[in-house]
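Remarks on the structure that follows.
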Amino acid sequence: MSNNESPQKTTGLHVGKAEPGCKKNDPMLVIDNVKKSFGGLTAVDVEHLEIPKNAITALIGPNGAGKTTLFNLLTGFDNPDTGTWSFLGNSLSGVPSFKVAQMGQVRTFQLTKALSLLTVLDNMKLGAKDQAGENIFRSLFPGFWKKQDQEIEVKALELLKRFKLDAKKSDFAASLSGGQRKLLEMARALMTDPVLVMLDEPMAGVNPALTQSLLEHVLDLKKDGMTVLFVEHDMHMVRHIADWVVVMAEGKVVAEGPPDTVMKEQAVIDAYLGAHQDTDLGVVTGRIDTINEEKSK
Amino acid sequence: MTRVVDVKDLTAGYLPGVNILNSANLYADKGELIGIIGPNGAGKSTLLKAIFGLVKVREGSIDLNGESIVGMKPNQLVAKGVGFIPQNNNVFPSLTIEENLQMGVFQEPENYDERLEFVVSIFEELGKRLKQRAGSLSGGERQMVAMGRALMMNPDVLLLDEPSAGLSPVRQDEAFLRVSEINKAGVTCIMVEQNARRCLQIADRAYVLDQGTDAVTGTGRELLNDPQVIGLYLGTLGT
Amino acid sequence: MDWGTIFNNTLAGLLTPTTIAFALAALGLAMHFGFAGLLNFGIAGFMAIGAYGYAISVLTFGFPWWAGMLMGILGSIGFAILLGVPTLRLRGDYLAIATIAAAEIARLLFLTTAFTDVTGSADGLFGYNKSGGFTAANPFPPGSYGFGPWTYNSETLWVLTFGLAVLAICVWFLWALMRSPWGRVIKGIREDEDAIRALGKNVFAYKLQALIIGGVFGGMGGIIYAAFANVSPGVYVTSITFFIWTSLLLGGAATIFGPVIGAVIFWTLQAFLSNILPELALNGILPVDGTQAATLRFVLVGIGLMLLVVYRPQGIFGDKREMTFVK
């Protein structure tokens, strides 16, 4: 059963001191001087940031810190005012979002985009790359794409089984619960065979018990050789699976490092974590009289 | 002693023929802080909305201080002392904080000054920024305005739909502490929450809703330490 | 009340070249709106381009009829590209506004006396079937064909057969496309463009392709209508666009046969109303005179369209779930 042992963390990711903008041994994403303002308000102002390969990096920070904006910039869903960034050595500035996805980056969205009016299986099949049948001329004649479509279906069913959604393959995605849609979005993202998976608040609105299985899936991504960058508010999740943590506030990177050290920094606690991170609010509010209390398990 | 809120065998839903709630039960005594937790799709928000008259009741009863309120419209319930804080879109972004609070006391504008004093005493920050546009506030600040607005009518019962949703850890803690404060001031609170652990830490009693019905109930502490609840609903990560 | 004539004329409306022309236009709109989610309120423009492309190529440039029709199709493609390139990157409502404007611009260009040598301006164009050789290409010998209300001379039969053949090809085309992976991407785009972009698909290219295909169907509708009647700017007014929308929604926007059936029902209904309303007026049942009664049918179309959108947006064949789940 769940014995709650901590997963193997990847160490030795950084070069030199663990501070904002520090270099990484094997960076997958390198960001330089990226700035984005929305009518006078600076949303993002990152001097230098490197995301390590084959590790799980968490991007945390208060609301309005620029995390989702940074995500949108990196994946081509928005354009920065200035700055460059490269993915595996290739410059991504000015590259539209669909091309970025073709290069091996895939992202999920804060509000799940499970395509409700399509079946679960069709949702999955859409994820596959280089489909001959998607070309308008070849689509007319099944001879060009039938075989490939069958291969894609096999792959899709395998992934659906892994995420325990195979029983729902012919159902409309709209009939899935919120948690199941999150799983579908993650499974669909994997159909693109990505090297970098960017998850925008994957645990938002997910019941704590389902969180665990989602976390296992994220850890599996690392095992399969992928790199993960995720935005989250759930500190337990971050502590549990992140190898590296980047803290943003007011558009800038204010701290970087392994989760244990970063989350003890006073500035981070003040701005983001709060002083009661590990205390029982029942004690803080005076609702409990007992001083000695067992934290659950 | 009459229960302030008494829900019995409640069945309700949105689409015809599909019930989200299936014989759900819940009650709150005066001054209690009740928590509602449970998996996605269990019907937590639906239960709250049904109490507030936003979802049609198909079967069952809802009593407010012994009087049936099934079929009553939300504005009637506000007049009876029930306040509701929705999860999303809970402030008027084009209005200032002051105007938002004024909207809160719409039915009884003569009480504005008195109520404003009370609300500002709980939310000092709001008092300092009354002229600021609500649309320019962060998520946590909007949460404060929404709560303040609901309190303007001096409700006896406050219904909260996931007050900590989408907030950073420090703001979440603040939200929970605020709800606890409001409850200590005498307001009976019923809150739906996704952050089950925090919710149970401050709740007097709580219900675990699963598949539209109340699966487990007990005091906040009992549920926090119940291995079955932990395994099924809380997860073991919070250690 | 001459029920016999009313009945006869109504049934005749089931199968006329006009019905086929509108079925083709509705099919084009099904591609645009039903499947790709593009709000096109200028389908009349595509019909006009198709029709004038055919007629002008034959009359002014001396093309044979089949080359003229091809030019009409090419014109539709060009019109779609012209429309799509600037507007497809913007929100759907902008495409809607742009299409209304584009269709009106096209109509006015055909109406203006500045180009009267080529377009015939308000008088329109005629005689192209003969000069282009379409009439000559008729395989049916002169005579009367059919039975009862569906009696045609050989010329009408030729247009009818030709039109049905074109319709069949277009229906097959749409069906083949929508059941393929390309169709899957289009349906995904209709629902959420960003999700599709995040999966690596070039959304703009797909939308443009859908706009072109639907535009070609619309253009073919215009060509069939031209082959049967004449080409005049007075036909391609905005009300035609709304007739086509009604046909589409009536049948079911996101289905293959819906637009065809919808067009048939629509025109049969129109035939019925244009016969019965004047009769009712003449017999004193309706408190209006004969000419007013005939125009009353347009009012009824408008009311019908509103009721359709409110109470049964999925039409006859559409899937209710497609309309229920959408916010």
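Lettered A, B and C in written order, each chain numbered from 1.
Simple rule for what comes next: contacts are C-beta pairs under 8 Å (C-beta built on N, C-alpha and C of every residue); 3 or more make two chains touch, one makes a residue touch a chain.
Given the structure is predicted, the values throughout are model-derived calculations rather than measurements.
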Which chains lie in contact with each of chain A and chain B? none
In terms of CA centroids, furthest away from chain A sits chain C
Using the mean of all protein Cα atoms as the middle point, what chain has its own Cα mean nearest that point? A
Chain A to chain B, mean C-alpha position gap in Å, rounds to 31
Distance from the mean Cα position of chain C to that of chain B, given in whole angstrom: 54
So what's the Cα centroid distance for chain A and chain C, whole Å? 47
Contact footprint of chain A on chain C as seen in their complex: 173, 176-177, 180-185, 187-188, 190-192, 194-203, 209, 213, 321-322, 325-326
Hey, which residues of chain B end up touching chain A in the complex? 38-41, 138-140, 165-174, 176-177, 180-181, 184, 194, 196-198, 201-202, 204, 220-221, 224-225, 230-239
If you look only at chain A, which of its residues touch chain B in the complex? 2, 4, 61-64, 177-179, 204-212, 215, 233, 235-237, 240, 271-274, 276-277, 280-282, 284-285, 287-288, 294-297
Hey, which residues of chain A end up touching chain C in the complex? 75, 77, 96-99, 101-102, 106-109, 113, 115-118, 122, 125-127, 129, 131-136, 139-142, 145, 149, 172, 174, 188-189, 191-192
